[in-house]
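The data blocks that follow each hold one structure.
Here subunit A shows up in two complexes: once beside subunit B, once beside subunit C.
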Partner chain A sequence: MTLAEKTIAYEREELLTGCQAVAQAVRLADVDVIAAYPIRPYTEVMDNLSRIIADGQLDAEYIVADSEHSQFEIVKHASSVGARAFAGSSGTGWMYGFEALVVTATDRLPVLFLVGNRALDDPGAFGVEHNDALAIRDMGWLLCWATTAQEALEHVLIGYRVAEDPRVRMPMALALDGAFLTHSQHMVRVPAAETVRRFLPPFDLGDRRLHPDNPISIAPQVNEDWVMELRRQNWEAARRARRVIEQAYREFNELFGERYGTPFFDEYMTDDAEVVLVGLGTVAMPARTAVRRLREHGHRVGYVNLRWFRPFPGPELRASLARFRAVGVIDRDFAHGSPDDGGVLLHEVRSCLYPLPERPQVLNFLTGLGGRDISIDDVTSMYEQTLAAGRGRALEPAVRWIGVREEAARGVPEERRP
Partner chain B sequence: MTQTSDLAFDRIAGVRKTPLEEFYASGHRTCQGCESALVMRQFAKASGPRTVVTGSTGCMYVANTSYMTTPWVVPWMHTQLGAAGPSAIGMAAGLRALMRKGRIAQERINVISFCGDLGGGDMGLSGISGALQSPYDLLIILYDNESAANTDIQATGLTTYGAQTTFTPPGKVHRVMQRRWKKNVAGMLAVGHPTCRYVATACSAYPPLDFLNKVRKALAVGGPTFIHTFDPCPKGWDYHPSYSHELGELGIKCGIFPLYEIVDGRVSYTYDPKKKGRIPVREYLEKQGRFAHLIDEDVAYIQRRVDAMWEEWEIPGVAPLKGGLRPA
Partner chain C sequence: MIKRVEINYRGIYQKTLARRIGSDLVLIASRLGKVAFSNGRYSDAPERDGIPCKYFVFVSPDLPEEELEAECGAKLDIDVADVSIVLDDTMVKGVEPWAWHGVRPINEKVSADGCLLVVTRREPTQLLAFIAAKPHPYRLATLEGDASLSGLWVFKDDLTHERVLGAVAAVDPGIVTIDAVADYLADEGREPRRAEAARTAHAATVQRIRPVAPDAGISWTYAIPELPAWDAFGEGVAVPGVERRSELGPGGQARNAGFPRGTTKTERPVVRFDLCTRCTLCWLECPDGCFDPTADEYYDVAYAYCTGCGKCAAVCPVKECIVMVDELRFEDTASPWAAYRRDPAAYLAWAEGKKGPERRSYAHITGTGVEVRPAPAVRARRTRKEVATR
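== the complex of A and B ==
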C-alpha cells in the first residue's frame, strides 16, 4: 500500500464518545433501517443518528418503536427483505426484547446491535455490568467488546462485514461499557467513506431475501423433524465465523493501516509475564496502567484484553494462557450458584484451559458491578493475589470480590432492624 | 349495504369475477371448516402476487406452515406472537429504503401481517398501535377465532363472555369462568389512531366477497391499515365443521360481532341491524358446545349487553360512549 492510499483511509480526527463513534460508523456503513427506543446509556447513539439523518448525512428509515421487543422485531424484518439494519439497547431493555434477539439469531439475520452494558434491575442502576450482553452468549450471536471509541467505530464496520458474510449470517452485538465507554470522549480517527466502501460491500442476502421475486417461506414450523439439523447449521456458522473474522481483520489492516494484531484478544506486556489478568471491556484501562506500574517494581505481569466473546477463541486463548503460571479472570458480571460461584468469564476461561496437560492456576475476581469504579489499586491487588497464586500461595478461595463493602453486604444487623 | 366512501379501488364486483389464482394454496394442515384459513386464502387472493406476508405465532402459524409443505405462494415469514405490528413496519421500512436507494425496483409491494386474537388483541396491541402510527403502507389482519386455538383452546381477551375454554371450564361451583367481556379491538384502534385511514371488521363467510373487497380497499387507501375478522372455529367453538359459514352469518345477524368499516373517520355498517334487524343472540349461542353450560340468565345478560351496544352506544360497535356530550 502506498502512502497516498493510507492517507485517505481516515478522513478526519475528532473528539467523540463511544456512542458518537458508533453513530459515525453507522453512517459510514450506509445503514438502511434504524429502530430506536430510549434507555440509558446506549441511547446516545440514537440521539446522534437522528441528528445525522435529519441533517441529510445518512439516507435511512429511522423508526421510534413502542418497546424494545418491537424495536428488535422491526430491524429483524427489515433485514429479512435485504436492508442493512441497526438497533441497540441496554440492561433491562435488552432483556425486554430477548425473545426477538433469539429469533434474529435463529433466522440468521445479520443485524448489528449496540449494547451499552448496564446493570439489570432490580434495584435500578445505570452503571455497567456485563450480564445483559452475556445473556445471548448461547443463542447464535456474534458478541464482541470494544475498549475505546476508535475500536467501537471500527468494530461496527468489522461487525457488519463478518455478520453479513454468507458463510456466517449471524447477528452481531457490539458491547460498550456503559458510561466508561458509551459516554467518555476519545480522539477518534474517522475513516473515509470511500475506503469503508471497499472494506464493506453492500449487504446482499441472496436467495434468503424476502421479496415477491423470491417467494420463499422463512421459519415454518419444523418440530423434531428438522430442528436439530438447523441447530447444527447455526453451530457450523459460529465455527466458520472464526476464520471469517480473521480474514476481515487482515483486510481491515491492509486498508486502514496495521490497526490490530490478533483479532480475538490483544495482549499487553505479556512476553515475559509470570501471570496475567484477563478481562472484557474498559477494565483494560486501569489494568494496563497497573501493569506498567508493577513492572516498574520488577513484577512480571501482563494483561489480556478479550475482545471476542462469541465465537470464543478457544484454541488461541488456550495457547496464549498456557504460557503463564497463573491467570486472574476479571468478571464484571455474576453467575449466581454456578461452579465455585464465579463469574461467566471464569467458566469460559477455565473450560478453555482444561485440555492443557499443565494448567495455570486460575483465580476469579468479581468486581466493578453496577458501574462501580475499578481503581488502579483494585487491579494492583488482583495482580498481587494472582502472583501469589502463581507461586503456589493463597490459592483459596478461587473466587474473590474486589471493591465490595463486606460489612454492608451482610445487610442491616439484627439489633438495628426495626 | 351503506356506502359512505366513493374511494376508487379495484372492487371484485361479483363471485364470478373473483380471481382464480390462489396465493395461499395446498400444504397447510388446518382443520375442516377453519374460517381463519379462509381468511388467509381470501386476503392472499385479494392482495395478489406482489405481496410479502408475516404471520405471528398462532394456529395460522403452527397448522399452516410445516417445513417443506408451505401453502404460501407469496413470500412469507414467521414473526413472534406479539410482533405483527413491528414485523410489518420492518418489512415496509426495509423495502422503502431499498427502493429509494435504487437497490431494488421501485414498485408497489403490499405488506401484510396477520395475528390471532391472543397475539394481536392481547400481547401485540402495543406493537400494532406503533404500526398504525407509522408512515408506511401496511395492512394488519387480526384473525379472531376467540381462543388460543392451537394451544388447546385457551381463553383470550377476545373470547366471548361465558364461553368454555380450557382456561375457563364450567365447574360445580363456578358456572361461568370466562367473565371478561370481549375486548373491542378494531374500535379501540380506530379511535386511538386519528391518522390511520382505514379500520374494518369482516367475516370471511358473510356477506360474500365483503372481506376480499375490504382487503382491496385497505390496500388502496394506503398508509397503515387494520382489519379484524370474525372466524368461527369448529374445534374451539364445538360444532360440526359444516356449520362454519352459518355460524359466521348468525354471529353477524345477531349483532354480537358488529361489521363495519371506517374510512377517514367515517363509519359505515356493512350489516346495519338498525335497518335489517337483529336475530336473538340465543340462536347463535345455542349452536355451539362452548356455551352449552349457560342458563337463561347468562344468555339474557349477553343479550342485554349486545342490545346496549346497538341502542345506547354513541357509535354502535365502535365506541362504548353513551348519551352524547354533556355540559361541564
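== the complex of A and C ==
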C-alpha cells in the first residue's frame, strides 16, 4: 500500500484566484506569523489571510507593518524564534524592503514570501515583469515560479518543506505573474489538512532557535574574520537545496498523486523537438498553445517551462537543452547593458549551456514587459525565428524585442494597440 | 467554442458585485461540465470612485482549460463579447477607464448576435439614443432595476446579483441555463428567494430582448490616441505636460484632453446662474478643476471633464443653485453658461426641466437607501445686469 492510498489528497474544489490559492496554502501550512503591507497585486493575499484568520480558520499573529522594510524584518525575527512566518510583496514594495531580504538569507531564516510580479516604477505600472523577484537571485534565496493557481497553492507547501529542511534553511520566494495569475479565478483543488501535515512537518529551527533557554547571538559584527566562511556555508546550502527539492517533489507526488514529472522544469512536447522556447511563468499558456498549433502544421517544436530559478538546475537543464538545434529564451525582464544586452534568463541559460561540446543556437526574446500581453501569435513568431536559427539562418541579432512599438516598423496591428 | 462575457461596472461600488456575478457564472458553468474561469481587466483601477471597469467570464464546452486560458486569460482585454452586461445604465454614454483609451461606446465589444444586457429603468429606445450604431445587428436586453450598490458590503443585498444571473441565462443559454442557475442558487443554506429572483428575472428578460438593426443608434466617433513608438518620444519618463492656459469663458482653462474622465459620472451639476452669488466655492472646491471663470464672474462647467462627485453642489451655499441631476437626462456637454447668456429665460426653464420636481439625496446611514423629496420652491431672480468685460 502506498502512502497515497492511505490518505485523501484533495478534499474539495474551490474557485480561487492565484492570490487566494496562496492564502489557502498559508492556512494549510498552519503559519504562525504573518506580516502585511499592501501593494498590488500582492494585496489580495493579505486581504484573504486577514479574513481567514477572522473566520477562525487559522490561528496566527497578523501584523500590519508600517512599510515593507518593517514587514520583512518582522517575519525575519519571527522566524528566528521558531515561528513559521509568511510575508509577501510586489514590485517597488519588494525593493523597498531589500535590505531586510538580504539579511534574512544571510541569517538562514526560512521565511516564505509571495512575490506578485509587478513592473518596477517608474513609470507607474501594475502589470507583470520579473525584475522584482529576479533581483534576489544572488542573495541566497530559493526562487521559484508557479504558472497556475493550483501550482501556486502547492508550491507554498513545497516551498516551506524545502526552505525549512535543516540541510537548506534558506528563505523562499514564490513568484506569481501579476494579473495573469494573481487575479485570475480558476477551479483549484484544495489539499486535505491531514495530508498536508504529513508532507510538511512542524518548523523546527533546532539549536538556532532564539530563546531565553537557548542563549545565542545572531549576526554580530564579524568583518573579514568570518564573512568568507559564512558565504561558503550559504553556498553549500544552495547546492544542497537541489537534492532536497527533488526529495520534496518525490514525497509530494506520493501523497498527492503524480502531480509533477520533474521538479525544476516541465517539458512540453519536447521528445522529437527540433527547437524549444524556455520561459518563466504564465507565458507557458500561450507558448504551449502555440506548440500544439505549430505541430498541426508539422513543425517539431516544444516548450520548457522553467520553475526553479534558484537554485538553478544547471546539469538538468543542460542535459535537456543539449538535444535541440536551437533554444529561444523568453525574458519578461531586462538586464540593460549585460552581455549582448539580453535578459536575465538568457544569461543563465547560455551560461548553463557553455560546457557542452556542441551547443544549440540561442536566441533571446524580450517581451511582455510592464504587463503587456504576450499573444499566441507573438509566441508563434518566436518559434518561427528559433526554427530559422536552428537551421542556421537569421542568427543575428541574438536579442530581439517582441511586441514593442517601433517607429521603423510602424505597422502595428490595431488590436495590439493599447 | 468560447463564450465571452464582460461585466461593465462602476469602480468601488460595484466591484464586489461584478466579481460575484463572474464567480457564480464560472461555478454554474462548471456544474454544467464546462470549463470556465474569470478575471478582471487588470489595467483598471476599480478602487477609484465611479470609474468604468470590466470583469470577464470565459466559458467553453469543449476546450481544455489551458487552451481557454491561452486564448482569453493571457490577454488584457477581449476583442468580442457574446454578452456585455452593464450594471449602471449611465455607462451607455460611453466608458473611459484610463488615459489614452478614448471614450469607447458601451457596445464596442458586442459581437454580431451578441447581446448588450443593461440593468435600467429606461426603455430600450431611450438607451439607444446614447448608444453607438454598429455595422452589424446585435441584441439589446433590459433588466429592470437601479444601479446596484449591493456589492459594497455596507449596503443592503438587493438580489441584483441573482437577477443578473437569471438574465444572462435568458440572453444566452449557451453560457448557463436558468435551471442550472436556479439549482445553484437553491443549494443548501440559501434562501429560496434567491432562486426565485433569478427565475423571475429570466422570465422578464426573455420578453425584453429586442434586435438592434445595423446602424441603429448614434454616430460615434472616438479617437484612440496612437501612442508613440519607443524611438519617437523623449527619454527619462518625461511626457509633455498640458500647456498652461487660463482665459475667461468656456474651455478657458487648460485641461488634459487625453483623459477627460467624464464617463465617471452618474450625475452632473446643473447651475441656476440667476441664483449664483459668485461666492467662488464651486470653482475653489472642485477636485477636478471643472469650473471656468467667465468675464461676468460666473463659473461655467466643463461637463466633459466633470466626474460627478457632487462636491460643488454640497458646498454651494445657495439653495437650488447647484443641483446634481441624472446624467442620462443630458444629450451633450455644451457650455451651460453660454446657453444662459444666449437666452436666460430659456436656459432657466431648461435647467428646471432637467432637474424635475424631485430631489434625491443619498443616505449616509447603511441600508437606508435614497431619499426623494419634492424640490423646494425658489423664486426666480431677475437676471442681473451682466458685466461684459472687466
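Observations on the structure shown:
What we mean here is this: the second predicted complex is superposed on the first by the 400 of 418 C-alpha atoms of A that agree within 3 Å, B and C clash if a C-alpha of one lies under 4 Å from a C-alpha of the other, contacts with A are read in each partner's own complex, and residues count from 1 in each chain.
The criterion applied here is as follows: contacts are C-beta pairs under 8 Å (C-beta built on N, C-alpha and C of every residue); 3 or more make two chains touch, one makes a residue touch a chain.
Just so we're clear, the structure is a prediction, and the values are computed from it rather than from any experiment.
When the two complexes are overlaid on subunit A, subunit B and subunit C sit side by side with no clash. In the superposed model, A:286 lies in contact with subunit C only, and not with subunit B. Of the two partner chains, neither subunit B nor subunit C is touched by A:263.
Once chain A of one complex is fitted onto chain A of the other, the partner contacts of A:217 are limited to subunit B, with no touch recorded for subunit C.
Looking at the shared chain after the overlay, A:185 reaches subunit C, while subunit B stays out of its contact range.
Once the two complexes are overlaid on the shared chain, A:202 sits against subunit B while remaining clear of subunit C. Once the two structures are overlaid on chain A, subunit A sits at the apex of an angle of 90° toward subunit B and subunit C, using CA centres and rounding to a multiple of 10.
The least CA distance from subunit B to subunit C in the superposed model is 22 Å. Shared contact residues of subunit A with subunit B and subunit C: none.
Across the complex, subunit C meets subunit A through its residues 22-23, 26-27, 30, 37-40, 42-43, 65-67, 69-71, 73-76, 79, 100-101, 224, 226-232, 237.
Interface of subunit A with subunit B (complex): residues 32-33, 35, 59-61, 63, 65-67, 69-71, 73-83, 85, 99-100, 103, 107, 202, 210-212, 214-222, 225-226. Within the complex, the subunit A residues that touch subunit C are 15, 17, 41, 122-123, 126-127, 178-180, 183-187, 282-283, 285-286, 288-289, 292, 371-376, 404-408, 410, 415, 417-418. The touching residues of subunit B, counted against subunit A in their complex, run 49-52, 54, 61-62, 65-68, 70, 72-80, 82-83, 85-91, 93-98, 100-101, 103-104, 109, 126-127, 129-130, 134.
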